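What follows is a set of structures for review.
Across the two complexes that follow, chain A remains constant while its partner is chain B and subsequently chain C.
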Partner chain A sequence: MSPANPNAPAEGAASGRSSRDARILIADDEPLTRKLLAAILQAQHFSNLRFAENGQETLDLMQSFQPDLLLLDMQMPDIGGLDVCRAVRLRDEFIDIPILVQTATVNRREMGDLFRAGASDYLSKPINPAELVARVVVHLERHNMLRELRNYRERISSELEAARQMQADLLPTLAGQRAVAETAGLRIASYSRSSSEIGGDLWGLLPLDDGRFGVFLADFTGHGVTAALNTFRLHALVHEYRSLHGDPAGLLSMLNDRLVRLLPPGQFATFLYVIVDSKAGEVRFATAGAPPPIMTSESKDSARSFEASGVPLGIARGMIYEEHIHPFAEDMRLLLFSDGLPEFTNGKDDRIGEAGLVTKLESIPQAIAPRELIDSICLAAGINDGVAMPDDTTIICIDRRAHCSIPCIIKTGLNSGFDVACRVPAQEEVRCRSA
Partner chain B sequence: MSERLADVPLFDDPQIALLREALDEEDLAAMMAELPSASGAAIEAIGVAARSGNLADVQRAAHVLKGVASSFGAARLAGLAREIEQELRGIHEVPESLARLAEVAEQTWAHLPAVMGRALA
Partner chain C sequence: MEFRLDNGGVQISGEFTFTDHASFKTMIDSLLKDGSPSVTMDLGQLQFIDSAGLGMLLLARDAFGKADRKLVLRAPSGQVKRMFGLTKFDTLFSVED
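Right, the complex of A and B next:
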């Protein structure tokens, strides 16, 4: 009988180890039975065996030997097999260790007790060597697979968390958003949520000159790792072509030509690039298959979608994109979003759709802050913190009314009976004159 | 001993065959040679429990005997142990059962060389 090493680390049961190297604890109060079980297992090259003569010794050895499988006699003199089973299962590290209970007396009631106590399986006596080996092998392999799956999952979770953080670092920080907004004299709020740890949406702010800035929003096909890796590529490309940040159509054409070469067939990105010029009171934008931005006007009490045109990036070489120019007056706000918003569904309710978003924006009190506007349309679309996201979703609200001269919050609050002012978070401080 | 048990062979050939398939002949012979002492210890434990009037301990010791005897193919001895464990009506029946146990144990041990086809150490 090979001597077991009581000082070997518990990690001896690491993933990938052969079942034959598994640590097996044989707990039986009858010495010749222990010897028989050991001989049968050793004949099949299981050599890492330890023995317990009673229940207490079993529990002690569980701790010191850290077995991969426990072969447990149902009846032992001090602590019965069922109680040993229960005690073992109470310990986190043994929550899924295979426990094979040997019993010479099997009736249906005892069988139920046995499995309720945490036994994985049972072996009837007299000992059937082939059955013993088969059950030990099956349970060890299952245990190994579970352990490998758990280790794999932990490693992937850890790597995805690192990737998630890296991807989050690509997005504008709150401080960065504020700085751009202050320079441009407006307010910006954003919402970004992936369908899994990482996603295929990316947005960014590109400060230009004289208070102008660009804002882009990309959405790669699919979601998950592939889409997320493509966002890193795109982020690098967008910043590589700094000279085109003032030329929406030119930037899209260049990005398209680069992505066509980089992306395999079937992968592409919708892309929207808007240059916001507060001084000129206009926005210039080009789009590559992205959902059309929606502009609201307080004075006209209206909301409308912009044009949506252009082939998504990465599909065909040599695409020319159109630049559009629209007024962006002091009473206007602009909503950019990826298709995760209009197409969101929780499986029960209908999608809000782009038309539904326009309708919703027309009904939202004009004076609410950008952050609250986003909250409000999320609510209308059915998106909340607890709901699973079927697609990556990004929403950006750019609100020029920070410069408006009308005490809009108070006015709307009074007119509608809707106390907006009290719901405006401190960080969303508006510059409107208060009444 | 019940009539049913009288018909049970001393050794269960299929169980012995299973052990032979799984174990080296020398290892099996060495363990078979230990059966008398192992089963003898269990029978002694039954006697001790009986003398102290503890039926539960009698049944527990009989359970141990049943397990070891059946696993080594000693079918009649295992059957008798099962009767003591499960069918005894009271402690007063133990002495008679013990006498039968001793008799069947002697027969079993004597038959071991024939089962193994060799003299055991």
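Right, the complex of A and C next:
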């Protein structure tokens, strides 16, 4: 931007629209001054000019002409320049329009009044043509750039919103989760939150035959747009290899070889794939560096992590993954989560960590529903609705106790040692609903 | 994350997360300028690493490989050792106890 040379063409480069096309309103009660200002501007090829002879006409033309810049005289017969300034600034659409005031005063106090009333700049009378053009050009360019920046931000934020919606659409719907859960005779609850509009976590349900289904949870390094775009790639890949949905280790090897070719060095995805087979009472799973899922057992009154390891997807070609089998009896539930949960930190308190999650799960009453289990875990990790998320976080709870066989009543209250208690009135009885 | 360079190696301490990208890269660049064929990164004092930190270690490994040099990771412990185990990073790097 070079306002120093008023003879240079004043292209509003950022807007792609010439400053010379700008609408300029000249407000002055002196016919001779109006003519003079117009002549100077027209000589510089500003042709989109309108004129107001008094304050009221200025305000009317602001509305009908919608100028890009107002050249305003301080002394007009009906409404003074300061009042016109204030009235213009009151309107949202003119909050940042350049208002150049022509004034004969050099009194510092009056100058202060002028800026307080909303003037952007001033021109001393008698008007110097080069100064007039230079100031008009610099303010128009600045205004154009601001407008451009605002439009850009609005566009980006609406595109991010559309992307956020598209990403949300990749995840299983509540109805989809319910359908899979009913077929398999169990309960499913989930939680997912990104650190910004869009994120690098993805999970999904893959219905198989005979009430069996697969559940996967992926987490790409980093977060934001790059990580989010990778979740779309992975979603497509997972669905491309339908024939491997019954083979956890095979699916991981195939996804790995595809992602090695797609991801730049230093980027990878942790991935966990679990096949839940209620009839056989077991889960089969393979992991590519994902946080180990935690299994709880009501009869044993215990919680423990599945110890399994694997190189994350996308790092090295030809990786072989192991399949693990674990009993998944009727009294068990399974908690899957991305590292955003154990690693959550508000910058002050310690992270809950994997060990902390296991301990927490051991202390949570077995009868609690999957949704409440997730709430309770979040609370224990320090995650609540208002808190800023440093990383994308996904939690899935699969509970085989579809129908509570034993009628279970949880006494909640101060002595229950049950965190969810703070969410219900003390001493209220919460009956475990059967599904 | 803090690091201390000492005779051909580096000691990393604190927490190694996505916020350390720039300083880690600078440190790797300065280690690459040094001529020794093998560089040891001592992780004994490192308390925490996240997946972004693991990604940066992979980038460092590649940079050393390209320069025909060897990067050795030493003494990961606690959560760092656990992450190395879960992700089998100990098979991707030379790791010493």
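Here is the rule we use: the second predicted complex is superposed on the first by the 380 of 435 C-alpha atoms of A that agree within 3 Å, B and C clash if a C-alpha of one lies under 4 Å from a C-alpha of the other, contacts with A are read in each partner's own complex, and residues count from 1 in each chain.
Definition applied: a residue touches a chain if its C-beta (ideal position, glycine included) is under 8 Å from a C-beta of that chain, and two chains touch if they have at least 3 such contacts.
Quantities reported herein were computed from a predicted structural model and do not represent experimental measurements.
After superposition on chain A, the partners chain B and chain C are accommodated together without colliding. Applying the stated contact rule after C-alpha superposition, one finds that A:Gly353 touches chain C and leaves chain B untouched.
Contact with neither chain B nor chain C is seen for A:Phe271 once the two complexes are overlaid on the shared chain. After overlaying the two complexes on the shared chain, residue contacts for A:Phe46 are found with neither chain B nor chain C.
Of the two partner chains, chain C is the only one that A:Gly289 touches; chain B does not reach it. Of the two partner chains, neither chain B nor chain C is touched by A:Tyr122. Once both structures are overlaid on their shared chain A, chain B and chain C have a minimum Cα-Cα separation of 51 Å.
Considering their complex, residues 18, 48, 50-52, 54-56, 58-59, 62, 79, 82, 85-89, 91-92 of chain C touch chain A. Chain contact summary for the complex, chain B toward chain A: residues 12, 15, 18-19, 21-24, 27-28, 31, 34-35, 38, 42, 60, 63-64, 66-68, 70-73, 78, 85-86. The part of chain A that touches chain C in the complex is made up of residues 219, 221-222, 265-268, 270, 287, 289-292, 309-312, 315-316, 339, 343, 351, 353-354, 391. Remark: chain A residues 29-33, 35-36, 39-40, 43, 73, 75, 77, 102, 104-105, 125-130, 133 touch chain B in the complex.
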